[in-house]
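The following pair of complexes shares a single chain, chain A, combined with chain B in the former and chain C in the latter.
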Partner chain A sequence: MTRPGLAAGVTRPGLAACQVSASYGTQRVLDAVDLHIAPGETVGLHGPSGSGKSTMARLLALLHRPDGGHVSIDGTPVTGIRHQVPVAVRTRVAILFQSPRAATDPRLTLADLIAEPMRAIGTPPEQVRARTAELADTVGLTADLLTRRPHAVSDGQLQRACLARSLVHRPGYLLCDEATAMLDASTQAHVAAVVGEFQRRHDAGVLVISHDAALLARWADRVVELP
Partner chain B sequence: MSAAVLARVRRLPRPRPGRVGATVAGTVLAAAVLACLFAPVLWPLDQSAVDLSQTRLAPSLLHPAGTDDLGRDVAHRSLYGLRVSLLVGVVAALVAAVIGGAVGALAGTLGGVVDRVLMRLVDTIAALPHLLLGIFIVAMLRPSLGAVVLSIGLTHWLSTARIVRSELLSLRHRPFIDAAVSGGAGRLRVLTRHLLPHVLPRLALAITLMIPHAVWHETALSFLGLGLPPHLASLGNMINDGRASLLTGAWWASLTPGLALIVVTLALATLTARWRDRLDPRVRAELQL
Partner chain C sequence: MTSIDLDHDGPLLAVAGLTVRFRLPDAVVHAVTDLHLSVRPGELVAVVGESGCGKSVLAHALLGLLPRNATVTGSALLRTGAGIRRPPPLDLLACAPRQLARQVRGRAVGLVPQSPATALTPVRTGRRLLVETLRAHGHTRADAPTAADRLAADVGLNPADLDRYPHELSGGMAQRLATALALAPDPPLLLADEPTTGLDRPLVDHTLDLLRRRCDAGAAVLLITHDLVAAQRVADTVAVMYASRIVEHAPTEALFSAPEHPYSAALLDALPQRAFRPVPGHPPMLTDLPAGCAFAARCDRATEACRVQPAFAAGRAACHHPLEHSQVHAEVPA
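So, the complex of A and B:
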């Protein structure tokens, strides 16, 4: 289904990076790269350190402005980044970072951490409580852990809370930027299972970023290689 | 149960180097603040009372710090001088923190041209000697408490602006801010819920570090005759007045206000230095704050 005047890829549903380029100073990390994640699909992104994997995730999450090209969500090109993007569009894409320590506010308890995206858009408190409990159950966090702050839980437990937080708005697309690299094997498997279950239920597109080819071979439907 | 007990034990402050010093400093400061607070009740002073039959008396039981060249009790007036100095120090530090905090927050959150213009303004003012600038500000106004506070506030906000700006810049691109933005938090919510709570401890530290500076600045202005009106007791006024008596051998007229100034500002500096240690991330992790 192609509309006249638009490139073929633009009208397809899915999260797409179209000919995006990015650089830090004079160092170009992405040069006119295309990437497309269809709903329900798991795409792996593989490449050596410094190949622009994380930059690609930040571009797709609308956190970093591309030097060239654009990101489009379900056929609509997005202009602007961060707060310039309407909340409804911004929350369509969720990102899970490699280090749960860096990705969490040390002042908040795990329960507040999960509830924060709901409070940010003004969800009523009783709904916030119910959904927090539901998500904590999904990712396997006990009520005792929910009252603790990040310094009092392990990396694995904190990453589970981050996963719960990223699923709060039922995003259409989930970007896992080396999200399991710091976790032990059983937590890794559990995180992958939770993501997989969410993906099946909501027909979400998932991008798995890793330097571990074996992990991508197990998890992803197809793998995109960055040079 | 044992885990809860362990957690509680771990939260207890450990003996650390400098703790004795900090305790002494805290006690001295608390005593000084209490004495200043309750001075008008316990030991009222008539600022304009002069007793020319009692001039330049050496320290004795009746006048533990002697009397000055107008027959006024030096210990009594030093207490009131300290009262003014501490009041001016705290208020001026707060004024400076409000100005510096606002400028730093604007520069740090808006960035771009606003940031560059504001920071060049800070550099420009920092290039001028701040006592000179302070004297210029007081000289334009009538000598009063308000003029002194304004003079200190307007010259001491620069470091606060820099601290707040750099904290905000380093926080702005941390992943937890990205996560909040991506989760739907608006600009105001990111600023008030995620950025400011991390900046506030630094800002509070900057304010307390500024108090000793402000006290010295007030003393310097009063010493130069630009601070408070001469009949009002202030540490600077007293040290200046005592200078004339030094030549007649009455060393005590400057000694007590000078000692009060040194002891109180040292105590303040010791306490803030310790607080700064506690805020250091490595030390903080150790203390489990």
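So, the complex of A and C:
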């Protein structure tokens, strides 16, 4: 697949935070931190509450601009946040949050939730339908759930829909920010299995943020500790 | 099941045959079915299970907090008072809403809710909420503020954070404030519904240990959680719920080392500390449960017999073909 806007100047594949810093008010949460996620690799990010794990994820997902340093995607430095960069660049990175309820529009059915990012870039309706069905199947959502709205499904079911949505554009990098923290053990293992399968197929890089050392030991290839 | 015997060292809470149905326009949700459970003073019972299996509905039924489309049957006897002249037990399921609001919620039963941010009054600071609650439960104007600080410290909340409004608190801080509010009246029964959601591991452990200490001081605690590791840390016994029913109830140690119900075993296998393998298939829809064992479609031990609803016959699991651990060992060739 060609990726316009990324071909030139590719040096080292991967999603990288290069000497990034970030603050809230006067409080500095990240101070010149480096992080690199190679294609196909699963990196765990661990650290106490407030150590900047979610901030790092938001920087990598281009939701925040760092105060210092930069993010680069497959060797190309990205300047600007999500809506300012070309579609082909921003769809390279997807993010999955801890609380699916806070992250979703309560008016959308689960099917619309999955389809929305495709509609947003003008994908033809029949293609949207087919891909939605395929993704629903991948994450284990049955047809009766797809017509429901968030209030009528469990957290686990909603998180599966969010996972499907995050995979819509076949991202090169998937960031899971405590994405399974509120899920039961079975749903957690299932989400991890779906992510793992997607990763194998598409050689995607994955960042897993978690407080749970046992989960990271099992899921990640290596674990980075934030102080 | 054990008979309901509310004598001196009998249970503080005895739930028998609890059944909850939700009527929807075109279907009925079987949220809780024929549930039996009792909790003694000084005992911590955990209820675990996959999301949507009915755990929160159980808690809400006990507190009379179910929505209007719910129908509840069964009984939930709560022992109130002590001594020879103590009043007869209160059936929480048969209580008038006024009585529940005045005598039960907050007073006899403390609820640590699942999403505290929505349960907290937004226009008062944590300190005012806490002091008012303490005052309403017998603390004097003079000693309530000190008691508030002590409770805040107990739940791991900085006393300075008490002067903030609920919307200024992070999810974890709001959770701790809600916990402090539930503990303030020193209720004999504590109901904790997912009390550790949104907390990081050190705080999870802190909250769990706090519940355990309350329990060791004589409270009866019902801990509802999706977190198996949390249950393992503090519970005396663990009840595993699947598709609206308790399918196994066992001492914590026994459940984790030798589960008898195939679902319990499969759920434990999903832990990252174990096989990290999801339970195969998906939970059934609670609007459309089979007549027999609801786990049959996912169970590798299922037979014809499983078309009939299994009972808790002899063992601790409601299963026609429970895993027999001693037998597993006996079968190892010599």
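Rule of thumb we're sticking to: the second predicted complex is superposed on the first by the 217 of 227 C-alpha atoms of A that agree within 3 Å, B and C clash if a C-alpha of one lies under 4 Å from a C-alpha of the other, contacts with A are read in each partner's own complex, and residues count from 1 in each chain.
Everything that follows uses one rule, which is that contacts are C-beta pairs under 8 Å (C-beta built on N, C-alpha and C of every residue); 3 or more make two chains touch, one makes a residue touch a chain.
Bear in mind the structure is a predicted one, so any value in this text is a computation, not a measurement.
In the superposition on chain A, A:Arg165 makes contact with chain B only, not with chain C.
Residue contacts after overlaying the shared chain place A:Pro48 against chain C, while chain B stays out of touching range.
Of the two partner chains placed by the overlay, only chain C lies in contact with A:Asp144; chain B stays clear of it.
After overlaying the two complexes on the shared chain, residue contacts for A:Ala130 are found with neither chain B nor chain C.
Once the two complexes are overlaid on the shared chain, A:Ala103 sits against chain B while remaining clear of chain C. In the superposition on chain A, contact of A:His83 is made with chain B only, not with chain C. Looking at the shared chain after the overlay, A:Leu215 reaches chain C, while chain B stays out of its contact range. Judged by the touch definition given at the top, the superposed model places A:Ala189 against chain C, while chain B stays out of reach. Shared contact residues on chain A (touching chain B in one structure, chain C in the other): 99.
Residues of chain A touching chain C in their complex: 48-49, 98-99, 140, 142, 144, 154-157, 181-190, 192-193, 211-215, 217-219.
Taken together, the chain B residues at the contact with chain A in this complex read 174-176, 178-187, 189, 193-194, 197-198, 285, 288.
Only residues 48-52, 172, 197-198, 200-203, 226, 228-229, 266-268, 270-273, 276-279, 282, 285 of chain C touch chain A when the two sit together in their complex.
Contact residues on chain A toward chain B in their complex (touch as defined above): 58, 61-63, 82-83, 87, 90-91, 93-95, 97, 99, 102-105, 107, 116-117, 120-121, 151, 162, 165-166, 168-169.
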